[in-house]
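Encoded as structure tokens, the structure appears first; notes follow it.
Letters A, B, C, D and E mark the chains as written, and numbering starts fresh at 1 in each.
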Amino acid sequence: MSELLINFSIAILLLPLVGFIIVVFLGKRFPKFYLFEVILLGIALVLSIIVLYSKLVYLNTTDVTASFTWISMSNSPAVGSISIELGFKIDNVTALMLFVVNLISFLVHVFSIEYMRGDKRYTRYFAYLGIFTFSMLGIVLTHNLLMMYIFWELVGLSSYLLIGFWFEKKSASDAAKKAFIVNRIGDIGMFIGILILFTQYKTFTFDVIYQQIASGILPFESNAWLTAAGILVFMGAVGKSAQFPLHVWLPDAMEGPTPVSALIHAATMVAAGVYLLVRIFVMLTADAMLVIAVVGAFTSLVAATIALTQNDIKKVLAYSTVSQLGYMVMSVGVGAYAFAFFHLVTHAFFKACLFLGSGSVIHAMHHEQDIRNMGGLKKKMPLTYYTFLISTLAISGVPLFSGFLSKDGILAGTLAFGKLTGHWLIPIMGFTVAGLTAFYMFRLVILTFHGKPADHHKYEHAHESPFVMTAPLVILAVLSIFIWYTPNPIGADAGWVLKNWIKTPTQVTPLETRFEFMKPTNSSRDSKTEVHQEVTHSVEYTEAIHWAHYPAMFLSLAVAALGILIAFIFYQWKKLNADKLAGKLKLLYNFSLNKWFLDELYDKTAVAGTLNFSSILAWFDNKIVDGIVNGSAALTRFTSKMSGLFDTFVVDGAVNFTAFFSGFVGLSFKKLQTGKVQTYIVFVVFAVIILLVFFKPF
Amino acid sequence: MEKKFFMNFYDIAFYLFAAITLVSALFIVTTRNIVHSAFYMLFTFFGIAGIYVLLGADFIAIVQILVYVGGILILLLFGVMLTNKITNVEIRTGTVHMLPAAIATAIFMSAVVAVMIWTEWKSEPAQIPLTTTKDIGYLLINDYVLIFELLGILLLVALIGAASIARRDKE
Amino acid sequence: MLQVGLTHFLIISAVLFSLGIYGIITRKNAVMVLMGIELVLNSANINFVAFSRFGNFGLNGQVIALFVIILAAAEAAIALAIVLNIYKTFTNVNVDEIDHLKE
Amino acid sequence: MMANTNLYHSLGLIVPELILSAVLIVLVLADLIFHKNKKYIPYIAIAGILITGFFTLSQYGISGSAFATSDVPTNNFGIFAVDSFGIFFKIIVVVSSLLIVFFSFGSDEIQKITDRLGEYYALIFGMVLGMFFMISATDLILIYLSMELMSLSSYVLAGFTKLRDRSSEAALKYLLYGAVSSGLMLFGISLVYGLTGSTNLYVINSLIQGPQINLFTLSFACILIFAGIGYKISSAPFHFWTPDVYEGAPITITAFLSVASKAAGFALLIRFIKTTFVSYVDPLGVWQLINVFDWKSLLVAISILTMTLGNFSAIWQNNLKRMLAYSSIAHAGYILLGLVVFSNQGLIAILIYFSIYLIMNLGAFLIVMLIANKIGSEEIDDYNGLGYTSPFLGVSLAIFLVSLTGLPPTAGFIAKLYLFIALVDAKMIAVAVIALLNSVVSLYYYIRVLKHMFLTQAEKDTQAITTSLPNTILISVLVAIILVFGVYFEPLINFAKSCLVVLGM
Amino acid sequence: MIGFPILSIITFLPVLGMFLILFMKKEQPNSIKYLTLVITAVQVVLAVVLLANYNYSAAGVYEEKSFQFIEKFRWINISGITWLGDVKIDYFMGIDGLSMPMVLLTALISFIAAISSWTIEKSIKGYFALFLLLDAGMMGVFVSLDFFLFYIFWELMLLPMYFLIGIWGGPRKEYAAIKFFIYTLFGSVFILLVMIGLYFSATELMTDGNRVHTFNMIALMNPANYSSDGILSALNPNNLRLIAYIALFAGFAIKIPMFPFHTWLPDAHVEAPTPISVILAGVLLKMGTYGILRVSYPMFPDITRQLMWYIALFGMINIIYGALVALAQKDFKKLIAYSSVSHMGYVLLGMASLTTVGVNGAIFQMFNHGTITAMLFLIVGVVYDRAHTRGLNDFGGLAAQMPVYTGFVTVAFFAAIGLPGLSGFVSEALVFIGAFGANATRILTIISTLGILLGAAYMLWTLQRIFFGPLNEKWATLADLDKREYAMFIPLTIIIIFLGVYPSAMLDIMNSSVNSLVQFVTTTISTTSLSGL
């Protein structure tokens, strides 16, 4: 059984790669080969379903791992024998992720068949999708940090390629470059974190590292280093999952084709950061978790405020994505491990649905993306509208939809966290964001689908998308209904996902570095050493969760309702004029519209700074270093002037110190060679005298 | 008594010759008229010859007069005549960098004189040899025969060289 | 006035030597420079003779002086030839004007 | 009586010199006899040189001293020493003179002078004879006179192409400068004579070990004598004549001066110092100087000054002959480094250096001469693109210059290597560093010629320079020697090692 | 192992080819080109043969018996006289894990460069003769185990390089050529001095039982061979070893090139013709680091341990500084040149760590940098041949015009950035792992990681400026790659990807040698000497 899992997952991993290779090398000759990619994805999807099923049903509690040695260096005196292992680990989280990634990837492939038709690089587009799916699956399957990092970079590459797919547009290539470089910043932190761990534990494998931590071995014998490692690895997530302050790349990434945005920049890749956090959750100390929670909360708030005023349909969705990712990160930070992952899954579905829906709208509107030019599309494209609406309800946290379950859980977690640790700011942010989300999502829906069409010409030509595009929408919308996850529409805990599949593991960090509530009540030594057992939280925590459950629910419902209401007041019934309000609050409005001026800030400081500094250095290198090593610029100029009369070689050579020196000395020697023999004789006589003075015996 | 007189005569002679030598030498290097300095040279050579006599080197003195006065001086005079228009009686020569020359010479002379005075040279009670010619001849064909022959070659080479340079030939 | 001894002769030669150097350096006319050289050689000769006389080294000094005199003759001959050649090519014998070979 | 036996014994030891003198006279006579066509004369000269070389070689291994003077207490030390050290330098002189005669065949400026060829070769023999005596002389007077013999001949030769004013000027300068320095030397000799009462180096050596020597006077005399010798080896600050004379003189003579007379001068200097101022040689081969005059620091200063001055001045030269003159000054500096370590190892370095320097320097001069024959100029700018118009000459000259720079795999590297080995072994690291930096500087002007020949194109298309077959062979042989010694120098060093005997007390 | 002296053949084959070419007519350029191609190809084959017969477990480094393909015989043998011991110089060749990758690299790069030399028109005969001479010199440096031999080969490359840059180079070729020559010679004189110093400090035990001074590198590594009064013996009171080490290091650092001695590199690269840039970046730069590993480390272990932090510091400076300066370049080729300054910094950093992982990474990085930078320079050459300009801002949108070319460019660029799956990543990662593992160099390593970011910045920026954006109409006629250029790019690409996926193929070659090297350097007490025995 476990072999089957391994083999299947290897197949799942490699199928997209095969597709990529085939399409890349043969796509030019046989344009139809893009279908290979789609078919292979389909197979992969089937396999992943099998894997999911067999894992959850037959091997629910036992994890399957397989690894091989990639690099081995024997008996090295400094660090002992080193071997770098690569391998897979399949637990429930992996299995679920496999399914989610494959499903959405497949749907997006299908969607793209129609959406991208007629593009001049049609086949290569599918190739890129293939390489992305491959890398993403690598991240999902890995059981060690190095392989994680490797595929981490590879998804970066594929995202780079896909964002810059229409590289003729400067904005596109800019966005691609920005995405890669900003991600690199996070990756550096992640890499250093990995270095710390490896230096101590001589392995990259998660479980081995955790066992050692559990047995009390700390990096460089200090909790601080453990915290640092946690935060540094988290930096990778900050980059990938577009957390503040590195979130600026994601909205720009919308330059890519819309299906790509759905797949990479909404559902899967950006979620990889959260996935990473889920993987390293057990080694996070309290300090690290607090940092993570704050970053997540703040990110979600910032993104939500920005989303309020955006007019580009994809930009709105992008910022909502950032905001939701902030939610997940925050929930990891507050210890709501299971809900984080749960929200990851649900969000993947409804956000993919939203993006694909927007794609279908854009497709219908001939690549019009400004929602102020839309309106009234409800009648023209009903299927798109209803799927879009369902997803919107889900994301706004309306009961009976998946989003409500996960968001509610997260909010409850934050509330409990606030109660236990006194960090009340985090739940406050959380609930505010819930309200804002409801508002801007419905603003989007209303402006796009309700009311009068703003641009009649475009409106006339608008039409419902063909089946291959609407089918994925339907599937995803259906997956946003609560029933798939739990029988009880208001209690996620009852659901099988959280009850049987996803368990919050016990932390392995030293007790003194954990939050009080993360400590097992019966803190016996053995319970520390074993990993991935169901967490035995402290009594207070369980109580707090129970206490928080209903307040959280009602509160979230209230703010959601409020947000929806305001949205309707403003945009549906036009009771209040948004523009007037904007005019009143001009400052805040611009602040939000311009994304808190963060891009401008970065351009002014970091980017411009680096470029200026580098050009200064280049000058320095050219003039000074070359100068100093060759005998300093000024002297150089002087010499070349001096030797200007002579052969150009000397001019050239004069730049070099030796030549300068020699030129100088040589000239002074030349003075002596007057050609008058009597002068020479004078020199001789003086020379004799001087020698006599120097070398007289006393 | 007469010995004392002799010594005085010796001293007087020495100072006389010394004066002749040095004064004319001074004129040689200072006067602007080449012909004059050539003639002063004559006196210098005579003075040196006299000093040789005082040093008991009569043979060398004779050779000095023969070779220098009879040979080299004439050569130099010819040189002067051939390299100047005879028509203008005043054959003048300029002088170059006097100052460094003066400094150099001054320092140098002081150094040399100091050396000469403060060194305690090997000096033994000198007995004036009766005849030097025979012994010199003996030395020439015994100890110094190699050098003597070498000088022969040297003269030959000098002859060839001088001839081949000075000879006016059509080319 | 002290007894005339070795030192007196040596001083003469020293002065003669210096005068010769002075002449060599200062005189424009090549022939005059040659005269200076002759002075130098003569001063050396005086040394030899004087040393051999007072140091009682036998007659070596005199023989050496003889050699030097002969050599001086040969040298003068060649020198004159070269000077004449110079006069032929440059139509003057001013040493300080013959400086075409230089940097 | 002892004088006769002494005489016969001595005559046996100076056979090469006798032959040289004889050939000289034969040449003069030949010049007189068939003055119609003088094309035999060079062959006579070659024959004479070969015979001399043969007898010189036949002296290899013999060591003896000729013409003992009666005032020498121990009877077996005369004024003329025959030893392997001398033989080595005599062979160098012979080889270089042979090459010079070969050069003279190909040199236009010499071949133009048809009716004075006899004198030309006679004077060359005069020089060679003078050098031989310089190499072997152990008596100050003999040293002085042999130097004069060589000088007088070379004065004339320097001005031999007398219609060219450059040549005449060179002769005059050489003459005046030489006369003055030899005058200084003579005065110094007279002082030494006054101090010791003898001119024989061995006698002086034994006397100056005694206490009653006035050191100031002695060092004064030493410096004066060194002025004379330093002028011959053209070491700063007595080098001033070198560039002008080298530039003015006919190329063959310049080449001859740059190698042979330098070699003779060095042999003289080494023998003078070794015989006069070295008390004994310790088993490690280090010479123990008598503590009367600080030759070591004097020579260190002189050599550093010499090489620095030579190299740094050469950079600015546009005339190739003049540049080579300065480079030869620089090489004199390097060679002096071999002396300043005052050990047999330094001596080996000097011997090796000279035998290699002989080949590479003469080779360079030969090519310069051949090129000057055609393009009638030695200016570097006229060499532009020469590597393309006549690749053979270009490449050969490049090899010689690289060897002069001292880069592997040419023999020049071996020469420098042994020099530095000697220095490092004597723990004179600082000096070695200075010398190394100097050789880096020297790269500038050597490579500059290459640059003009290969990197810059000729503005006007110069016709290819064709070399006659003998010259081609000659150049190829020289190049081959340079390259072979560059990678396999064992025989050379073995030979040098066997030539270390300097006849001493 | 192998019946014939393979190392000598692989080294001197090009010399033979050079002579053949000298005797060929310049009227038939193609035969000359093909001869060169064949010779380099044979070299590659021989290198592969070497690899096939290579014993992976033999360590080499400091014991002669574990070297492979040894060829050793007496070259210079001067019988001693009392006061000067025998002079014995061996013709001594052999390879171990340090040199094997370099031999492979040299053969490969020469082959590629020979292909890329097809476009040379000017005086082909001379070019290929010098090219082969250069090839021989490089190969010789990597296989010789006698310091004297090593030095001769080391200097042998200078002159061909000078001419190849100076004759076939760009507008300022003469300046660049002389600058290269002077810098390198300046460095190598110090090497020479230290070589002589070592020669006098150490002796080797001959079979006949008596000790003689030696240039044998392996003997020079053994502290027991140092006589206590030797100039460079550790017992020598005035600390000459340190000075000697610094001199030696400077000599090698100029070749690397290490800041602040790097300024010859941009000039040389920009002016040199494409194949020569390829060789320069691909092989010559490695000689510096190879020399440090082969000579400085094992012969001065004590000083190495003492100075490792400074070496790492210079590595860090190279990484950051080179990247920053590259960021500001306007000339494509200059940018690549500075990027290799930055990449050689990784090598320095890895070596300085004195850990197996780090040194392995360093050598691996040497190899990878060789292949990747070679490819980058070929890329520059391709676009320069077509457009005759290298200005980064003169281009745009080439990706649409030359898709295949762009594909190769992307591979090369991302390899240079250190993208996983390509060889560059593995070596850089190993370097960082190793350097971070050593306490002394940890902080420097953390700072150096900035290099990853900056590298991505300038590479992607270049990619964008040249290949993305709207197509500049001026270049609407540029043709995509032809067969010959395929032949240059494909092998390199394959190697880059293969080693990225399966690095052990290269790491296993060097691993055991690196282990023993690190062992030796970190543990040897060099104060033992003859007197101590």
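Quick note on the criterion: a residue touches a chain if its C-beta (ideal position, glycine included) is under 8 Å from a C-beta of that chain, and two chains touch if they have at least 3 such contacts.
All values reported here derive from a predicted model rather than from experimental measurement.
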Starting from the defined contact criterion, work out which chains touch chain A and chain D both, please.
B, C, E
Co-neighbours of chain B and chain E resolve to A, D
Just list the two chains that share the greatest number of C-beta contact pairs.
B-C
Maximum centroid distance from chain E, chain identifier (CA atoms):
B
Let me check something: if the centre of a chain is the mean of its CA atoms, which chain is farthest from chain C?
A
Round to the nearest whole Å and give the separation of the Cα centres of chain A and chain C.
98
Averaging only over C-alpha atoms, locate the centres of chain A and chain B and give their separation in whole Å.
104
Expressed in whole Å, how far the mean CA point of chain B lies from that of chain D is 33
Would you mind pulling out the distance in Å between where the CA atoms of chain D average out and where those of chain E do?
44
If I count partner chains per residue in chain A, which residues reach a count of at least 2?
649, 653, 658, 670, 673, 675-678, 681-682, 685, 688, 692
Which positions in chain D touch two or more other chains at once?
71, 141, 145, 148, 152, 155-156, 159, 162-163, 171-173, 176, 180, 184, 191, 194, 197, 216, 220, 243-244, 316, 437, 440, 444, 451
Residues of chain B touching 2+ other chains?
96-97, 100-101, 104, 108, 111, 115, 121-122, 143-144, 147, 151, 154, 158, 161-163, 165
Can you work out from the touch definition every pair of chains that touches here?
A-B, A-C, A-D, A-E, B-C, B-D, C-D, D-E
Can you list the residues on chain C that touch chain A in the complex?
21, 24-26, 33, 95-96, 98-103
In their shared complex, chain A is touched by residues of chain E numbered 174-175, 178-179, 182, 186, 259-263, 321, 324-325, 327-329, 354-357, 360, 397, 399-400, 414, 419-421, 425-426, 429-430, 432-433, 436-438, 445-446, 449-450, 452-454, 456-457, 460-461, 464, 467-471, 503-504, 507, 511-512, 515, 518-519, 522-523
Please output the residues of chain C touching chain B within their complex, sorted ascending.
1, 3-23, 25-32, 34-36, 38-39, 42, 45-46, 49-51, 53-60, 62-63, 65-67, 69-78, 80-85, 87, 92-96
Would you pull the chain B residues touching chain A in the complex into a rising list?
96-97, 100-101, 104, 107-108, 111
Chain D residues within the chain A interface of the complex:
172-173, 176-177, 180-181, 184, 215-216, 218-220, 223-224, 226-227, 231, 237-238, 240-241, 243-244, 292-294, 297-298, 301, 308-309, 311-316, 318, 380-381, 437, 440-441, 444, 448, 451
